[in-house]
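Have a look at these structures, which come just after this line.
In the two complexes that follow, chain A is the common piece, with chain B as its partner first and chain C second.
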Partner chain A sequence: MTHNAVVVGGNRTPFAKAGGPFAQASNHDLLTAALDGLVARFGLAGERIGEVAAGAVLKHPKDFNLTREAVLSSALSPATPACDLQQACGTGLETTIYIANKIRLGQIESGIAGGVDSTSDAPITVSDPLRRTLLKANSARSAMDRIKPFASVRPSHLKPQAPSVTEPRTGLSMGEHQALTTERWGISREEQDELAAASHHHLAAAWDDGFFDDLVTPYLRVAGDAILRADTSVEKLAKLRPAFGGEHGTMTAGNSTALSDGAATALLASEEWAAAHHMPVLAKVVDAEVAAVDHPGGDDLLLGPVAAAGRMLERQGLTLDDFDLIEIHEAFASTVLTTLKAWDDEDYCRGLGLDGKLGTIDRARLNVTGSSLAVGHPFAATGARIVPTLAKLLHQRGAGSKGLISMCAAGGQGVVAILEAV
Partner chain B sequence: MGALEKAFYSPVGKAVSAKAGLKEPPRLRRGRTWPDGPIVLASIGGGDLASRTMRLLGRATEEPVVDEGESAPGYGSRIGALVVDATAATRIDQLEELRALLRPAVRAIERSGRIVVLARPAAGDWEAQAVARALDGINRTVGKELRGGATATLLEVAPDAGPGDLVSTLGFVLQGRSAFVDGQRWHVDAANQAQDPLAERPLDGRTIVVTGAARGIGAAIARTLARDGARIVAIDIPPAGEALAAVANEVGGTALQLDITAADAGLRIASHVAQRGERIHGIVHNAGITRDKMLVNTDAQRWASVLEVNLAAQMRINEVLLDPATAGGIEDGGRVIGIASTSGLAGNKGQTNYAASKAGVAGLVAAMAPDLAARAITVNAVAPGFIETEMTGRIPFVQREVFRRSNSLSQGGRPEDVAETIGYLLDPSSQGVTGQVIRVCGQNLVGA
Partner chain C sequence: MSVPPAAGAADRPVQHLDAMPGMAAAFARALAPSRRDEARLPRHAVQVSGYRQDPARLAEYSRVCGFTLRDHVPPTWLHVLTFPLHVHVLGDRSSTVRLAGAVHVSNSMTLHRPVGVQESLDIAVHAQNLRPHRRGALVDLVGTITVAGDVVWEGVSTYLASGMSTPGEPEEAERPPWEPLVPHATWRLPGDLGRRYRRVSHDPNPIHTSRIAAKAFGFARPIIHGMWTHARALAALENRLPASYRVHVDFLKPILLPGPVGFASTAREHAIDATVTSRDGSRPLLRLQVTEAP
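Right after this comes the complex of A and B.
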């Protein structure tokens, strides 16, 4: 038996710059806060939800059961099961797909998808030599044997290892990878700054309209997205120095996402469950796809979503024109711009095994309430930020409105999904 | 807490202040609790409404001790309450009967005991109307003379009201829920209510909207009404969302982040309720702000914001929710509750704008009540005096200590005291109570 999996609504914390107002909050704290806001919005205190799936990209080993522990700290029934999933920056969308699929199969009737990241709460680990020394000392039988291994410790071994977002197979950071892509596709600085400015302006307008009143719950006295610069402009952004791609690079701190702290959740359910519980129904999850490129072999690291979107649209018999709204995660302004160029590139799309190019889109339909450049990008949370936001926007446009989500992720992967207003 | 405040509350400070005549305030009986000692029942002129209502409440009563002789007789032990049915009292010489009942009772009343007098609204000949007003003077004075947290209440009951109309009121007054209501008088009309006993959870399954619910009195209202069975829709401005969510989750309700001054606030409340397949039994307009300044320093902006939030916004919301065509609006037989303030009733230096808005609320409920009577919707207000909240906690210590002691109970009230009074007004069996302003002020020395 199959069911429609629908987005009921969502809740997230405001997002803030790493080391900012949420510096003392852990992933556990942030995810619990996002869950509690969702529970309050929909009156779920003490309710048993089918399953909660969430994750974090930067996670302490002690947080091996992060989501379940957050559920136990939340107002949900402790009988609500949970699991951790991780799909790099696509985590919040991957958890949505996981929950939606279970609902469609009738395995659960309701579920919460989420994601959280705190670059302030990043796990700091010890070096490999120090770890070996500690293990040896730990397994020693006598006090003398316990002390002996420490003789081999060198000062360099004591340096803590902060996690980095470099690609293990190329040694390049994500920004460095994207700088190569930006140059290869000929994306100009002006285009990137225009996209970044538009993101801030769209987000600011949405906040002013009260659009986020039922999508965000304040946290630690922060009531709105703290990275947002409503008064930024192309002129201001043009003054920033390049951050990636050398001194002639076009990618700056202004047109790249900032390291961020925050958590997001989306409530999904079968249509039957939503009706029985008098819950709003915003949009159904129509389809999803994950794809990967061979970035160690030279492919553009963050263009995984192109093949994913192409295959999904072909399967659904849809074109880009069928979408009222399109959300492309703004890892970097140039990621969005290269994705748009690649969609409209016949050779590139055929090279991915698609029937042809996907075409162009009307930019007025893109990221209409801003995206990661202005909101921030707590890695795993972003997908679960986009899903309820898009679902609400589609619902406002009326039943049948379709939306496309495209998210790039580390490892050359891309996660995409289609929502349709009910 | 400042150094002076710490010293005042230290054991030494307490001993010194006790010597100086500042007694430790009495601990009040609260919640759905009855007096410990017996409830004494008396009637002047043969009225039997009180005895019929006591039977409905299921509480045993005892005969009164009457002061008729030379030496004042006593009860021998503490009594819990004295309920006097004075509904047939219309002559000055009948006031002597009341004195003879009160004298032994006031002496014997336990801590947090209750003196309750039932009377008729002023009517009849000149003497009868003078006597009706005399009872009010007696009630107010007894309230001031009672000690140990005991309170006095005068209930004016319409001639054709029955025990079913009075049961929720008399239950509220006798129970600990009315802990901080003292020296007050209000009306109970005939509403032809079924003769049901006092309900333990009168709001079971009913949807109640509470604005300003994130903290203080609003949060206490949400908690108390949820205890009485209500499904709470907790509303506060979006920046207060974190605390609001915590309250909503605690009471198993829903949170709606909403600025009540928004033009579409009423519709958004209604659609939130309609989405859940419900209608509103009651709305508690608790959200309010202060922008205190002496009148000479009050500009148009300070004036406008207070009147907008405290008065105009709830009128707009009421208009939408009272429209029978609004899905998720207020049901027939519903309840509208405003929050007035003793500052509004008595005036308060530095609060012209606030006093205007809060006295305005008192005027509003009096105006709305008769117009909504046909739909059995009651409209009432509570007027808190000094209540211990985060807000009043910011008043400088000495000033605060003076404020909190300037009432017959020598202490500040708790948020739950306001909440309990609201819960009583929301009770479906309080149908006969409408257009009233009940002060929850411990009989504050100011504010009539």
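Right after this comes the complex of A and C.
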């Protein structure tokens, strides 16, 4: 027996720059804040939800049960189970897919998908050689055996290790990878700055319209997205120095996402549960797909979503023209631009095993309330930010409106999904 | 049970302070033994207006006590903000009761509505209700926090001034019966907990951090601040607390650092009972009850 999994709504904290107003808040604090706001908005206090799935990319070992612990701190019934799930920057969308699938299969009737990241409270660990030494000493049986391993410790081993967003197999940061892609696909500085400026302007307009009033709850004196620069312009962005790709690079701090802190949640349910609880119903989750590219073999790291979208559209018999709205996660402005170019590239798409190119889109349908460049990108939270945002936008356009979400993730992965207003 | 707070009697003179007073000097003064044995209290209240809460200190307080960092602050945090005024009131010349050396025996507070970290607070404290006890004199320090004229929080801290006297016959304190229980949690209190709590509470009392000071007061090791234990117990109930409530605690036995303690709680229809016990649950150390706000 299958059901429709529908998006009821969402709640997130405002997003802010790392080291900013949420510097003292842990992943637990942020995720609990997002859950608290969701509980308040939909009257879920004391409610047993089928399951809560969330995750964080930068996670402390002590947070092995991060989501369950946040549930226990929230006003949800303590009988609400939870799991941690992580797929790099795709986490918040992957948790949505996980919850939606369980609802569709009738295993649960309601669920919360979420994600959180605090780059301010990132775990610092010891170096690998020191860690191995400590483990060896810990398992030693005699006092002498316990001391012996420390003879091999070198001063360099004592340096604390901050997490980095470097690909383990290539040694390149995400920005460095994307700089190669930007160059290869011939994406200009101007196009990137235009997309970044549009993201800020769209987000600012949406805040001015009150669009986020039922999607965001203020936290720690922050009422709105703190990274947003409503007054930025292509001219201002053009003055920034390159951050990736060397001195002639086109990627800057302005057209790349900032390290951010924040948490987001989405409430999903079966249509039956939503009706029984007198909940609004915004959009159903139609389909989803994940894909990956061989970036250690030289593929473009952040173009994983192209194959994912192509396979999902073929399966659904849909084309890009069928979508009223398209959300492409703005890891970098050039990620969005290369994704659009790749969708329209016959050879590239056939190389992925697709029947042909996906085609072009009307840019007026893209990221209409801004995206990660302006909002910020707390890695695992972004997917759970996009899902309720898009669901609300589709609902405003009327039943049957379709939306496509495309997210790139570390490890050459891509996560995509289709929502349709009900 | 303690006496309900009578917020600032109308005829009580109020001393307005420009800023929250420091506590170190007052404590040093208070360590000198008082020559008087008749307990006397100052009549006036002290008040600090427009107090701005420090979110970074709240975050550290939450970490130390086990609270999730939220927009709405724990009531025990509001107590911590009133504490310098407790010291200040009893540090007055007209007071013969000294806070250092006095034993915090019970505490009641009422959160009338959720209080935000961004709210600017008017904080007032006065001493009242001096009464005899078989080991000395009991005194209530009453804190009131208002926001734009509305009382949002009230607290009554009852201290025992050992060896001091005040006219009257001591009331027979009735201890509720105690049945050993099986704790459903063990908290392992680390040796540096007193120091960590001092950083966020700003309470300089060395009995919580120094072995020598603790010995001087008859304890083998430093003891954790009662208000930490209170806060930790409340934090363990954080998902069950309503928007407004009253919480009462009785501090029954000091908790030595480092060491493990047990914890158990029971939710009833209109109340939550919680107990911090010895690790095996045989002895009660702190009893807490949350009830609906009056």
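Here, the second predicted complex is superposed on the first by the 403 of 422 C-alpha atoms of A that agree within 3 Å, B and C clash if a C-alpha of one lies under 4 Å from a C-alpha of the other, contacts with A are read in each partner's own complex, and residues count from 1 in each chain.
Assume contacts are C-beta pairs under 8 Å (C-beta built on N, C-alpha and C of every residue); 3 or more make two chains touch, one makes a residue touch a chain.
Bear in mind the structure is a predicted one, so any value in this text is a computation, not a measurement.
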item: Combined model on chain A: chain C and chain B, fit or clash; value: clash
item: First (chain B), second (chain C), both or neither touched by A:278; value: first
item: First (chain B), second (chain C), both or neither touched by A:73; value: second
item: Contacts of A:36 with chain B and chain C, given as first, second, both or neither; value: both
item: First (chain B), second (chain C), both or neither touched by A:219; value: both
item: A:24 touches, of chain B and chain C: first, second, both or neither?; value: second
item: Which of chain B and chain C A:210 touches, first, second, both or neither; value: first
item: Broader residue contact with chain A after superposition on the shared chain, chain B or chain C; value: B
item: Which superposed partner A:400 touches (first chain B, second chain C, both, neither); value: neither
item: Common interface residues of chain A - those touching chain B in one complex and chain C in the other; value: 33, 36, 75, 218-221
item: Footprint of chain A on chain C - complex, ascending; value: 55-56, 59-60, 62-63, 68-71, 117-118, 238-239
item: Residues of chain A defined as touching chain C within the complex; value: 24-26, 28-29, 32-33, 36, 72-76, 78, 218-221
item: Complex contacts: residues of chain A adjacent to chain B; value: 33, 36-37, 39-43, 45-46, 75, 210, 213-214, 216-221, 223, 278-280
item: List of chain B residues in touch with chain A within their complex; value: 231, 234, 238-242, 244-246, 248-259, 262, 275-278
